[in-house]
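Take a look at the structures listed below.
Paired with subunit B in one complex and with subunit C in the other, subunit A is shared by the two complexes that follow.
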Partner chain A sequence: MSNKPILVIGGGPAGLEATRGIADLGYNAILVDKSDVLGGNPISANYAALTPDMRSAEEAMAEMVDAITDNPLVDIRMNTTVVGSEGDAPNLKVTLQNESGEEVVDAGSVIVSTGFQHFDPGKETQMYGYYEHDDVITIVDAEKMLKDDNFVVPSSGKKPEQICFIQCVGSRDRQIGNQWCSKVCCGIASKQAIEIRDILPETRVFIFYIDMRMYGFWEDEIYWKAQEEKNVNYIRGIVTEITKRGDKLLVKGEDTTMGRPMEIPMDMVVLSVGMEPSEGTTQMADTFKLPLESHGFIGTTGGALNTVQTKVPGVFVAGAAAGPADLEDSISMGGAAVMKACAFLRKSELQPA
Partner chain B sequence: MSIYTDAKYMDVPYEEKLKLFKEVKDDMRYDHNLYGCYECGICVAACPSARFYDFSPRVFAQIMAREDVDTFYELLNDNVWDCSQCYSCTRCPRQNNPGGIILMMRDAAVRAGLQSAKDALRAYSRIIYKVMSTGTQVAPDMLQPDFFPDWGTDVKAVAENLDVWRRAIPPETLHTTELAWDVSEKTRLELYMIWKLTGNLELIEGIDEGIYMILEEVMEELLDDNGYDIDDFENILED
Partner chain C sequence: MSEHKYQKWIQKDNVVIDGIDISGEWNKMYEPREIMEYDITGLENVRDLDGGESMGWCYQCAQCIGVCPVDNVGSYGPRKIYRKLQTGMDLFTHDDLWMCTTCSNCLRVCPKEVDMMKIIPAVREQAVLNGNVPAELQDMLQNVAEYGNPMGDSARKRVKWLKKFDEPVRDLSKEDDPQPVDVLWYVSDYFSFHGRGNDAAKSMVRVFNRLNVDFGILGKEEKCDGDSQRLVGETGLFEELAEHNGAQFDKYDHNKLVVSDPHAFNAFKKFYPAVTGKDYNLQHYTQFLAEQIDDISKLMKRPFPKKVTFHDPCYLGRHNGEYDAPRILLNAIPGIEFSEMYRCKEQGYCCGGGGGGMWLDGLVADHTTERLSENRVKEAVEVGAEVLAVCCPYEVSRFEDAVKSTNNDGKLIVMDIIEIMDYCMGDDAEA
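Here is the complex of A and B:
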């Protein structure tokens, strides 16, 4: 069996699952993460409860990290980035960089799991004024407030009486150039709406949407629950602008199923920002010469039948680096990438080039 | 405050709307009539009333699911009587029953004596009187074009020679114009007491006081003649 390790880049859910899988199969793994803490966005962006099962993000990520900690087959490199790669798999020479300098490591195969970044609402083309109004926040900000058990109106510190979510901010938008659906925001907004109604039962919660995309079991477990048990107001129609009126935010839109114009005062507005390829994802595509698909994520081959193979032999992708992905997608892709990477190494041993 | 800039009935105090909304929500049938609404429109596509009126069973489900009190009040006044109560709308994938929601709302409108309920039910006062005083339902002579203009032009032709049309029907028992069939006095009186003691007469009083007064006068005289004392029954119930 080859002693050459498989390099996993990015220690979010997909990378953690990939690393665990590599070690479970008896191969060596090097896990590189640019930050000082494993867990990816769920940890660095302070997620509270995961969608859909409402499990604590911290607890779930700790379980994943524990599964690879103190394993002799796993070499974890924190505060480390990948800055270069020479040769072809299975004989890659990859340059890692950290505070103390650069180091070249051998890698038999690579799994890129560098994930996504949250859309910056400063780039939206409506007039939501994220950087202008204190009480316009994102679902990421809301996660942190829920995690800190402090869901209040930012400007006043009071309990909100009326709040709304605006869906598809930075997604499904030709003006912005992001033509994809980010898959998870409908579920996350609905999950947060449930949490908010749980802790603030007097607060009226609206969700303005274009389509609610609550696929699979998210349908009744989150969407129906939010609507039927928590009386969350789902209104089809997207807010066109947010203006300040007194100490409230006035949202303007059309209720499209009623065909009626709306103007509703809100204490807080939560923007459901979507996913974009992370900086790390774009950089790794460049470093390993991985062609991007048309939306700017890392391209795969084989369409629906191969979700993890990039166009470069021996280099695989897992999780949201390949496009919007929920936790289940990311974990499944992590496992699939391990299978392909280990198979790639094994084949190269049996049939040396 | 309504979420809509073109809202109606903004002069009606919110508390008054909320009271009626809560009455409907507290109805024991509510949880079986409404879950949540996709606003998909399957109920509207199935609804015969929606083909002829500016009426949508969907709107009832969606507005109630959203707990939109202001728009609920608009529906209660403007649309609640446009439903034909056929329940075609129950093919809803969420298992909602918009017709059932409307029925609960109608009950609330009648209990509150809303003008819209009085207007909508005016034509039915004669039917109520007929049912409660004779024990039979719609009698042939009630099919007058003045009362049911929406039943079409044939009603006028039939009404003009009603007796002839009725006698053209083979069974002799149907050769009547004032009654659908004969009901015994005992049955009539028992039905009247049930309606009175269950509060139905009070509802009628709120909607059409004239019909209520005539009914009470006619029926309670009949009760007296037959030796019934309605107070006895009320006492029995209170015990």
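Here is the complex of A and C:
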């Protein structure tokens, strides 16, 4: 069996699952992550509870990290980036860089799991004023507040009496250039609404939406639970703009099922920001010459029948680097990428080029 | 709620000015249209009631509106109630509370199982306790409480229809030592007190006697079944009636309880047991007779060569799942030309009389363009029927009024199925 390692780039959920899978199959893995802690966005962006099962993000990611720690087949490189690649798989020579310098490693195959970044609400075309109003936050900020057990109105430090979520911020928007649905924000907003109602039962929570996209089991496990058990109010029609009115935020838009304009005072507004390709994802596409699909994520071949094969032989993609993905998608793709990468190495051994 | 000057807004459901219909959205312009606050207190108050919980489950798919019989003639329905509650309506004092006929068509299609059959009585119960009851309904409730029937007639008049009626009927309340009967027939209010109901009651007696049914009635001891009273929120009155009637059912030894009225059927089957602790061997008369259809067919020799359609009572059909029995009887009518209306069986349209609608015509008329019964009668005419057959005592009077008000006098007659059967069992000489 080949001793050439499979290089996994990015230690989020997809990369961690891929690394574990490679070692489980008896291959060598090198896991590279640019930060000093594994776990990806769930850790670096301070997620509290994961969607949909509400499990602690720290606990779940720790379990994934434990599965690859102290494994002789796994070489973990933290604070490390990939800065170059030469040759073709299975004979790649990849240049890694960390603070002590550059190093060239052999790689038989590559799995790119560099994920997404949260949409920057400063780029939205609506007037939500994320950078103007202290009390306009994102679901990422809300996660941190929930994790710190300190969900308060930022400007006053008080408990909010009335808050709302605005869905589809930075998603489904031709003007911004993000024409995709980010898949997870409906679920995350609903999950956060449940958590908020649990810790602040007097707080009225509204979710303004275009379509609630609660696919699969998220429908009853999150959406119905939020509405039926936690009395979260779902209002169809997203907010057009937010203005400051006294110490409140006035959200303006249309209540479409009533056919009436609305101007509602809120103590706090949470923007459900979507996903964009991360900087690392764009860089790895460049480094490995991976064609992007039309939205700017890493393109795959084979459409729905092959979710992990890039257009470059021996280079695979897993998780949100290939497009908006939830945790379940990312883990599944991690496993699928391992299978394809190992198969690629096996075939190249049996039929050397 | 805040004191904002634009707080109040008005949208009239039915406005016609100089012959121009500006109902609903068209008149919203008279006041600022902005929703300034989502005051969900009203929603919370409904949701907090026993039975009201599912009001909070609506996700606005609007399937209920497609089948709500009231929305056909006005603007009303569970989805709309939910949104109004979310935007400040107090259902406990709002006319919308009295618009629902509890026909159960919305629940049939609701993917979230928002149950207006529980929500509406729960809210009405609070309204009743607070004295917020429409006057016309209050009169009915007082009559039932005082006299045991909604008409306000004395208990003795319940058997007035038997005077000058030659057929043998055992009135068990008049027997010194009442012997067991096979069938205890619960006659019901409309068959007992209403003129056209009396006709059907007499037909029932003649049919029973021709079939040699061993039956008896409770006579002056019978009281209103209470189902409509329960549905308008008079839970206490319902329980009194259930206890009273339940005691009569105990008192007279019988094998089977046969009822004329689907509302009574519903009450005895689903709601009396909780009060009386007893289950009843119960049949609607159509079920009782459908079991004997072979014998009945032999007796029905006189043809009834009419185009007939049938109105499914909500409380026999959707509420209790019986669609076949009435049709078995109708199909056995010699010479009949039967055709269904478009909205039949599970999809049947409501006559408007259920859930207290029988006594709310005035209030409902303020919010609708026509009565539900009128809408239904038009459908019967549209399918070419000459006879609208019914098997709920509320309906003969409701539909006969509607036939007149829609100018269909002479085109359509309304008959209880039992009247048609009685006719077919009769002699030609009687015609």
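The rule we apply is simple: the second predicted complex is superposed on the first by the 353 of 353 C-alpha atoms of A that agree within 3 Å, B and C clash if a C-alpha of one lies under 4 Å from a C-alpha of the other, contacts with A are read in each partner's own complex, and residues count from 1 in each chain.
Rule of thumb we're sticking to: a residue touches a chain if its C-beta (ideal position, glycine included) is under 8 Å from a C-beta of that chain, and two chains touch if they have at least 3 such contacts.
In this text, all values refer to a predicted model and were calculated from it rather than measured experimentally.
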Joint occupancy of subunit A by subunit B and subunit C, clash or fit: clash
Touched partner set for A:P313, first subunit B, second subunit C, both or neither: neither
Partner chain in contact with A:I264 - subunit B first, subunit C second, else both or neither: both
Which superposed partner A:G87 touches (first subunit B, second subunit C, both, neither): neither
Per-residue touch tally on subunit A - higher for subunit B or for subunit C: C
Partner chain(s) touched by A:P291 [first = subunit B, second = subunit C, both, neither]: neither
Which superposed partner A:N231 touches (first subunit B, second subunit C, both, neither): both
Listed stretches 292-300, 400-408 or 418-426 of subunit C, narrowed to the one that overlaps subunit B: 400-408
Common interface positions of subunit A, toward subunit B and toward subunit C: 224, 227-228, 231, 233-236, 255, 257-258, 260-265
Touching residues (chain side subunit B, partner subunit A) in the complex: 1, 3-6, 35-37, 39, 58-59, 62, 65-68, 94
In the complex with subunit C, residue positions of subunit A that touch it: 204, 206, 212, 223-224, 227-228, 231, 233-236, 255, 257-265
Subunit B contact footprint on subunit A (complex, rising order): 224, 227-228, 231, 233-236, 255, 257-258, 260-265
Of subunit C, residues touching subunit A in the complex: 25, 28, 33-38, 40, 44, 47, 56-57, 59-60, 79, 83, 86-87, 112
